[in-house]
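Letters are used for the chains, namely A, B, C and D, taken in the order the chains are written, and counting of residues starts over at 1 for each.
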Amino acid sequence: MEHILTALPWARRLTQVRQILRHVPVVSVLILLVFIVFGIFGNYFMPHEATKAHFGDVLTPPMWQEGGSAEYILGTDHLGRDILSRIIGGATISLEVGFIVIFFAGALGVVVALLSGYLGGRIDAVLMRITDMFLSMPFLMIAIVLAAVLGASTKNIIIVLVTLGWAGYARVLRGEVLRIKERDFVLLARVARCSKTRIMLRHIFPNIVNTLVVLGTLQLGQVIIAESSLSFLGLGVPPPAPAWGSMVGDGRDLIFSAWWVSFFPGMAILFVVMSTNLLGDWLRIRLDPKFRQL
Amino acid sequence: MISNDNVLEVQDLKTHFYTSRGVVKAVDGVSFALKRGEALGLVGESGCGKSITCFSLIRLVPRPAGRIVGGKVLLEGEDLLTKNEKEMTKIRGKRITMILQDPMMSLNPVFTIGEQITETIRVHQKLGKMEIWEKVKEMLRLVRIPSPEVRMREYPHQMSGGMRQRISGAIALSCQPSVLIADEATTALDVTIQAQFLSLFKEIQEQANLSMIVVTHDFGIVARACDRVAVMYAGKIVENAETRELFNNPAHPYTIALLNSLPKMEMKVDTLYSIEGQPPELHALPPGCSFAPRCSHVMEICQREYPPQKEVAPGHFARCWLKG
Amino acid sequence: MKGVKLAVAVGVFALISVFLVSYSFSAETGEPKGKFTYVSPSGAWEFKQIDPHTIVGSSAQEPSRILFDYLLYKDPDGQLVPDLAEKWEISPDGLKTSFYLTKKAKFWDGTPVTAKDVKFSIERCMRPELKFLRGGQLRRTVDRVEVVNDYHVDVHFKQFDPAFIDVVAEYLAIMPKEYTEKVGDDGFAEKPMGSGPFRLVSFRADAEVIAEANTNHHRKVPYIKTVVLKTVKEPATRLAMLKTGEADMIFLFPGHIPEVQKDPGIKLMWTKHAFLRTLIYYDMGFPDEPSPFKDKRVRMAVSYAIDREALSKLLYGAVEPWGSFLAPYHPGYDPSRTPDPYDPKKAKELLAAAGYPNGFDTVFTGHITEPTLWQATVAMLNEVGIRARLDMPEAGTWARYCTEGKFRGIGYGAGPWWAGRGPGSCLEAHVSGFWAPEGHPYPELKESIENLNKAILKGPEEEAKAARAVDDLMLEKWTRRPLLFSNVVFAAGPRVESYQNIPGQYWAFRLEYLKLKQK
Amino acid sequence: MANYILKRLWQALICLIGISVIIFFLSHLSGDPVLLMASPEATQEDIEELRRTLGLDKPLYVQYWVFISGVVQGDFGQSIKWSKPCIDVWLSRFPNTLLLGSAAMAFSLIVGILTGVLSAVKVGGWFDKFGKIFALMGQSLPVFWVGLMLILIFSVNLGWLPTSGHGSWKHLIMPAFTLGWYFTAATTRLSRSAMLDVLDSEYIKMARVKGLPEYLVIMKHAFRNALIPIITLAALNLIMLLNGTVITEVVFNWEGIGRLVVDAIFARDYPLVQCCVLIASMLFIATNLFVDILYAYIDPRIHYH
């Protein structure tokens, strides 16, 4: 039996796939999938328009509570907007902000790490001083100043978070680059007279991707929280756009009377951030057992 | 077979690992005996269950996956497998102890050498501070560490690999154990240091009438340091004999193959012999003899049934249908 | 001898007893009692130190109002009444104002409040380095301050200043001349002294002021013994404090009104008509830039598209629909000026007639402090096709927009928060200065406001007529459009029995008239 | 060692100069404090005069020079909003922040390390699962949401604790927990993984082989080695706490550095913003240096050159 099984290539592949997916946090992946689907195709799922105010139905409780209606499953906010629709719409914003920030911060971090780690010398010294500088600035303070300079808009939030986010990647990835730089295949490539750009892109970069992916996944949650903190202070994604952070922020004044306004977006943040963290942990173990400092 | 000068007797020891891919029978019915003052070599390819056997003896199988599921480990007549954890703590390090594979890693980097030896003595023996101190110095001298007073205050990273392994030895010997297990204790050292270490230990062993289990994959070490050899394959001891007897009359095809794969002086490099195939995966063992897929003398019965142990010569046991 | 000694001793004892008994009796009836805690939000420029002449922001008045006396005061109807000044006179040409001081007023250390203190205070306000809120205005208009005698002071003006009397009533706290000169400005900030109904006990900047009743106050000895003024920014935290009894009265967030109404122990207290919200058409200030709002029909469409009643309901009455630039307490207010009706159909027709049948894109600038209001307004505008993007800059960015002339499209026209004042300065604020960043291209408007300022000297009837004329003109021109009048709401816990406020002046309490329930 | 410290100090200096430039120009770009201070009826002349008294009329590079030469002499300038030296304002708030920060820190360290170590010792047990969920929630829930829920439960509904402000130890509980929970999360996770890492090592096996009782194996041999990453994290957390935690301070009305800075930013009080940011950065850099030196004491393998 065993022999037959191992003889069939597809069966073997199936085992391999099962191996790779071992212990995958199923719930997290499902939550994130829902999050991404809502983020991209949210418009098709919304029972109402996310920014549409219904002045007659202000602060309707969720449907299972007294006074709730099936029209608004999770209730409405202080402007009569459907909370479920806004949460679905908020997925778009969180997804957009989260991924764009991670992409650009990661990209900038990679470039700096490669240049600094591989070229070394004066370039390293200068780049690392700049990285240090960004790392030692108090995050939220600078974020607030930056947001005040730029003004509140989704684009500006992304700029703020990228500006303050790249240094973390650069610092960790530079360490990786330094380690990989000494490995045989890089030395061989050097002997073979590959250009520096080629070595950095073809030989070193693929080896830091794992770390990058892990860092990025773990950061997704942090970006969502940071966006919500700025929104709380009125410097986030401007209303009426349904950002989860601003939704919790809006609802915080109503927490004693209309708990659902801030409760559900808070839960959305909790679930997505928790899922990204769990997935990030899993990836970290699968991809890079040594890496655990973050 | 059971005689009173056996310090350690292992009977049908079984240690299994329960993983998501199935039960891994890492140690599957191992039996052997160790006489006082004897050095037993435990030989086999990596992954054959040598280390797990050793850790089973002192009951430190990685939890929760690994579990000792059967057998007996009689240390001076007491069955260690029936002891509780508290009792085991008192036995480990005092009556049976072990030197680990990697000297670079087996000393705690943040404590001084002195502290690491001291604490072993402190937990096992009721001695005054000065007495312990003296004892530590004595142990260091025993393993030939120069200027022990100075070295005691140093940290592991300040020492060479050989020195560190000798310190591991000093820790192991500090409570005069009956049985010392050396798990690939020399693998990580370079060849000259290896030789030094071996001769030192041989010397200490003879002086103290210590019983030793030397786990290795290197027949050279076996030849130099061991009185008996047990060859392990896929969780079972396939052959067990006096060293000389085994080298001269190997009975099991696996042992023969192992011996053939040793480089010899007169051999040309390109005729170096190797065993074909891969060691079997322990969670999916074939029903018959586990060596059958790689054996050049394989017979029909080998596929069906595992061979029983037979005494092919006095004191020379093997498990092979060929010797039926 | 012995008997005499004894008699004296008994006599003294009896005297002391009588004194003590009478004292304790009086304490039972007239002495201030109880502790009252008021919690308000803190803006960015709240009180930093207790020197009333260095207050640079708008709503930092609460501590100064209870610690200091002013020459004039306002009663619960919003009318000026005597405080330190028993009487005041404005000369017919408006170039001299005389104040006759009461002889009863004393500072906390017992020195009487005299004309030299008034002169000192006015002149101190004019010192530029103190950055007094209205210092610039005083420097421009005040010529000199003359002490006629201890209780009579004349202020001479370079030109008539219609807003001077407001400054006197709202900002010009009277400080002791000798004490301040002795301890210096920094010393005063450390340990201030006034003559107000409460004496300062302790002070933590931006956090807490504790004051105790001044039993020698000339106008009104407070009913309560201790006042604690606290700053708490989070509205929900304030409400929680009220519910737990940590606060007796809070500045209420309108969204909490229904929550408070559910609680029988909590009363709502309104300060009606505190500030006017108008629609503002910023593009009008840029004659060279093309804009749909140059067409009056479009400006009308904006107003008809907004459902003022719905907005009022949304904020539980914290705003009410309004149709005039004047408040009920202003001379000249005409109640027949009703707000524009909600008529989206007419708005669409007007837009179509103006050439925008499919609407157009624009910006709506709202203030960050009232996101609900402006989000709802923008949603209404979008319904009729005025696709406005909502921009809500925080105060600093707002100020930057002002300097850089960045306002475009339409927005929330900030009516002045000092709506409680005379109509002159209120109406003027809609036309020029800080609150009118759009500027106004109508010379006739400026002219009619100047008329109003002059009419103040001619008596209340003339003033009313002139004010109404300005109101009419502004309504006719559609330079701005009245939208809503904001009502400020406080919530008071079960211990508060009665409270007096001043219409339009939500920051100025009459805490000395506040009564707590006796147990 | 001395050389190493000198080198680090030199790097720190460059870093601080860079930060001072960034924060100076950023804050001056963000808007004009004069308009926020000026009376609504102020004329253009009044505004200009105010600007002159504040020294804001000079070209930016001159203002920067004035600022930085002051800083070198330990003078961070006069706060516009408070009319007091910035450093005094900062100092008046710092004790509060220190109190809240230490309480939160103590909470996060005790709970975090305990949970992390116990989770690592019994991987997969119920405690591990519970600890994981507790940690993840702390990291994933917005701080203000937690704070408000606590107020709702413990102040309004149960009436056990005061809602806000400070004074007694009772005032400290909720903000310290709110803040601490967030930091507990990372501490737990890190302690757990660091312990797991260490427990997997040869020297722990060795300690067991030696016959040491389990508590000695874990508390002495494993924990001491796991301490290094934990200390790094704890130091970083401490800095974040000392620099003020805006949101908790706002929710609980705590008069700390965080609220001070936010108010200063909203009021465009440049000198105060610059002062706070610079001090925050200095604290950060100093702590990092301190931690690196501390390593050398914990881990004898580390030597600096």
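We take it that a residue touches a chain if its C-beta (ideal position, glycine included) is under 8 Å from a C-beta of that chain, and two chains touch if they have at least 3 such contacts.
Note that the structure is a prediction, hence the values are computed from the model and not measured.
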Identifier of the chain whose CA centre is least distant from the whole-structure CA centre: D
Of A-D and A-C, pair with higher C-beta contact tally: A-D
Most widely separated chain from chain B, with each centre as the mean of CA atoms: C
Between chain C and chain A, distance of the C-alpha-averaged centres to the nearest whole Å: 46
Between chain D and chain A, distance of the C-alpha-averaged centres to the nearest whole Å: 23
Rounded Å distance, chain B centre to chain C centre (Cα mean): 89
Geometric centre distance via CA averages, chain D-chain B, whole Å: 52
Chain C, residues touching no fewer than two other chains: 234, 236, 240, 243, 394, 396-397
Where chain A touches two or more other chains, by residue: 148, 252, 255-256
Residue numbers of chain B (touch at least two other chains): none
Footprint of chain A on chain C - complex, ascending: 234-236, 239-240, 243, 253, 255-256, 258-259, 307, 310, 313-314, 368, 371-372, 375-376, 378-379, 390-394, 396-397
Chain D - residues contacting chain A, complex: 11, 14-15, 18-19, 22-23, 26-27, 29-31, 136-137, 139-145, 148-149, 152, 156, 190, 193-194, 197, 229, 232, 240, 243, 246-247, 250, 258, 261-262, 265-266, 273, 276-277, 280-281, 284-285, 288
Interface residues, chain D side, partner chain B - complex: 124, 201-203, 205-214, 216, 221, 224-225, 298-301
Chain C partner contacts - residues on chain A that touch it in the complex: 51-53, 55, 58, 78-79, 148, 151-152, 234-235, 238-240, 250, 252-257
Partner chain C, residues of chain D touching it in the complex: 30-33, 35-43, 45-46, 49-50, 53, 81-84, 92, 148, 151-152, 155-156, 159, 162-165, 250-253, 255, 263, 265-268
